[in-house]
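Next up, some structures in structure tokens.
Shared chain: chain A. Partners: chain B in the first complex, chain C in the second.
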Partner chain A sequence: MKYRNMIRLILYDIRYFFRQNRWKWLFAFMIHVFLCIRTFHSILFYAGSSDLLSALWQTMGGAREYLLSSDSSFQLPAYWFLFHIYLFFLIGFYPAGELYSGNGQALVRTRTRAMWLISKCISVVVNIVLYYGCFLLTMLIGNLVCGGTVIPRGGIIGLAGIRVAGKSVTELLTAFIFLPVCVSTALGVMQVVLSLFVGPVLSFMLNIAYMTASVFWMKPFFIGNYSMLYRQSWVSGNTNLSVTGGILRCLVLASLSFAVGMLLFQKKDILPES
Partner chain B sequence: MILKIENVTKIIQGATVLNQVSLCMESGNIYGLFGRNGSGKTMLMRAVCGLIRITEGKITIDGAQQWKDFSYPDGLGMLIETPVFLPDYTGYENLRLLSCIKKEIKGEDIRKSLIRVGLEPNDKRNTRKYSLGMRQRLGIACAIMENPRLLVLDEPFNGLDADGCEQVKHIILEEKQKGALIILACHNREELENLSDTIYKVEQGRFSTFTDGQK
Partner chain C sequence: MKHYLRMELKRAFWNRRLLPALIFGFGLSVWHCFAYIVPLRGWIFAGVYPLSAYNRWLGGEYYSLQSTLFYLLVPIVCALPYGDSWLCDCAGSIGGQAVIRGGKRPFVQTKLLVSFLTGALIAVLPLLFDFALTSAMLPAIVPKAGLGLSPISTKSLLGDLFYAKPFWYVLVYLGINGLFFGSLNTLSIAAGLFTANRYMAILTPFFCYMALHCAGTTIQRFELCPSGFLRPCQQFITTWVILGAEVMGIWSFGVFAAFRYIREEHGMR
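Here is the complex of A and B:
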């Protein structure tokens, strides 16, 4: 019975999310198309031939470690930043909005507050996976149109000068897709939980600040580092930023955010001024 | 259904919004709450609905204690504050979406609820284009669509024209006939007196019986 209730609630959340955010989703698709066009344009211009991994690298690569010196200037990796920040903009406003603007109409139809929060977190994860899926599909289509291969010829991502030859499919999938999805999920859950207590705008701003700090400091504490391919240990050589460590940290952050959120949400008053 | 509110106190940021409230309510009756803005009417309704956690006391329904045996009353229909719906969808689509959570009713039941409140179920207009009164009617339809056993209505006549008020009064009395326990807050004392079996006067979080057994 509880299982069925949960499934119904998750389906409700997914439907409500898409109905409420269909324009945001359309804009997300446009961003993916923009990233795709810009990526393949520069790859074909500089390297002459295209491939999927090089294309993904253009967005997911992020930036190399920033070293503070008198003549250095701090720059955000624009496309990596745009990709992630838009994702947080897409997902972060839904749970708090549904709770407060709907005056708890959905909440009182659930059995418990725990069910409500679990359902919201699951719907957020579903949207994150779909966002990445949409991006990957756009890149795949772009690569097909450009007649590119999946792995670069010679096994080296030309524009970045990174060797991927010898890496297994699992290793590549983990580095390029799975780990960034884990990072986005952990930060997404944290943002959603925070939004219930400090509001969706502030929690979104905090996430932007956290991602910016991740670019500035190459430390495992800032898990945004794990979603930048340049910073992962197999590229940077920094053993603190291993793939396994990244997945574990993401799990800990997501679980901790959820557990703390659950404890606090159980005692939260749902008031309109919230 | 017997709803017991025993020594309920709610303190928010140092302010006592409900002060040692003790009430007993039974099915098939309408309980009116009358008082100034900020006196605690809505807060008590929120407490009963499970939207706020009380600081002291307990709320029980048929002996089962809230936050111990249940979080939200079973068979609850509520209208608290101005209802907000998805603006790009019709009234029917909005209610249909909400009804998917419990899946206790069918599309036909939603249509009937909309007709009862004076809305056209096949109206293709989005709720964005609804007037305040139409939104209020939709909110009432939302509260009654799942055949509530406990109906909590906070200012249900807000924004309604004379016909709308009559329709809502009729609905409230119908729900009473069906055996629902109804808690009603309203600024219009005359309307409250006409509808309620018992009226509680609310002042600074304290509840006192204003009229009892008038109907």
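Here is the complex of A and C:
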């Protein structure tokens, strides 16, 4: 009985997440198409031929380590930043909004707060996976239209000059997709928990600030570094930013956020402020 | 109108969300000072050519995290205290009452004006504070164009003024910042036209700011990016025409959307 209720709640959340965010999802798709057109355009312009990994690199590559000096200029990697920030905007507003909509009827009917929070976290994870899936699909279609291969000919990502020859498909998938998904999931869970206590706008701001700090400091504490291919150990040579370490850190952060959120949410006054 | 104005000013500047908005700016300023300005004080007596406060304060450089965070997040922070008041008023009874008693025009005008003032003050006050703090620690040496110590060239917007009267340059540029961020903040009022979500209303100025940034960087016209040209150190150089066009565009949309806002169920006609 309890299981069935839980599954119904999760399905309800996923359905309503989409229903409430249908315009945001449309805009997300437009952003993916924009990124696809821009990346394939620049690859074809500079390299002559296209491939999927080079196209993904344009967005997921991020930026090389920032070296601070009085005449340096700190700039955020535009595509990487747009891709991640929009994801946080997409997922960050539903849980807090649902808590107070209809005078918290959904929470009352759920009976336990723990189930409510678990369901919200699962629906956020589903949305993150679908966001990446949608992006990957758009890129695959773009690659198909441009007649490109999946792995670059010669085994080198032309525009970045990074050698991928010798890497297995699993390693490439982990570095290009799985690790960024883990980072987004960890930060997404953290944002959901934060949004219940400090509000969705502030939690969104904190996530933006955290991602910006990740670009500024190349340190494992800022897990945004793991979602930038330029910063991962197999490219940068920095052993602190290994793929395995990144996955572990993401798991720890997501579990910690969830556990703390669960503890605090049990004691939270859920009546809306007047 | 006067009555509304007094009431709205009190609501905007006497609410608990103004404090975090100001703490954000002042906190970044103090952090910037301890991270970059205090370590420079040793240089003053080291016998080398001293670094000027005009090139080192929060708005005078673009190498630090604090400066980037400030110019990235300031549109959200500006909208925090008052950005959702329009939607809250219209969804509640205040909007309908105000329109019935005094007409829609004064109500909308007051909302736009107070929104502008909130945005301008929240953006400018921390910058003024930071400039004062930096000037208290580093000498305010007049920059020399030939030395290459300043990121501003004579071809930049008001570049001549910077090398002739840098203090006036800073004041004028802060005025431009206030004008732009104040205008941008009025978009939170305009947001009511297409959303009933108050969080979305608060974030609308930020999204417009980022949209201009994305458009500018995509078509390689960096002079369109306010996040670059609004910095007094001018990471991207713009022209008066572009600056004027962007401010006018924002105002036109803000005013148009606010006056077009009709919700029978909210008592707004």
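Just so it is clear, the second predicted complex is superposed on the first by the 273 of 274 C-alpha atoms of A that agree within 3 Å, B and C clash if a C-alpha of one lies under 4 Å from a C-alpha of the other, contacts with A are read in each partner's own complex, and residues count from 1 in each chain.
As a working rule, a residue touches a chain if its C-beta (ideal position, glycine included) is under 8 Å from a C-beta of that chain, and two chains touch if they have at least 3 such contacts.
Predicted model, so just to flag it, every value in this text is computed and none were measured.
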Original post:
Which term applies to chain B and chain C once both are placed on chain A by superposition, clash or fit?
Top reply: fit
**OP:** Could you look at A:Ala213 and tell me whether it touches chain B, chain C, both or neither (first, second, both, neither)?
**Re:** second
Original post:
Anyone got the angle at chain A's C-alpha centre between chain B and chain C, nearest 10 degrees?
Top reply: 80
**OP:** State whether A:Thr239 touches chain B only (first), chain C only (second), both chains, or neither.
**Re:** neither
Original post:
Can A:Ala78 be said to touch chain B (first), chain C (second), both, or neither?
Top reply: second
Original post:
Touching A:Arg15, do we find chain B (first), chain C (second), both, or neither?
Top reply: first
**OP:** Have a look at where A:Gln105 lands relative to chain B and chain C in the superposition and call it first, second, both or neither.
**Re:** first
**OP:** Please work out whether A:Arg113 is in contact with chain B alone, chain C alone, both, or neither, and reply first, second, both or neither.
**Re:** first
Subject >> First (chain B), second (chain C), both or neither touched by A:Lys267 >> reply: first
**OP:** Could you grab the smallest C-alpha gap between chain B and chain C in the overlay, to the nearest Å?
**Re:** 6
Original post:
Residue overlap on chain A between the chain B contact set and the chain C contact set?
Top reply: none
Original post:
So in the complex, which bits of chain A are touching chain B?
Top reply: 8-9, 11-12, 15-16, 19-20, 22, 101-113, 267-272
Original post:
For chain A, which residues count as touching chain C in their complex?
Top reply: 38, 68-74, 76, 78, 82, 85, 89, 93, 97, 199-202, 204-205, 208-209, 212-213, 216-217
Original post:
So in the complex, which bits of chain B are touching chain A?
Top reply: 12, 46, 49-53, 71-72, 76, 78, 80-81, 83-86, 88-89, 97-98, 100-103, 142
**OP:** Going by the contact rule at the top, pick out the chain C residues touching chain A in the complex.
**Re:** 20, 61-65, 67-69, 72-73, 76-77, 80, 197, 199-200, 202-203, 210, 214, 217-218, 235
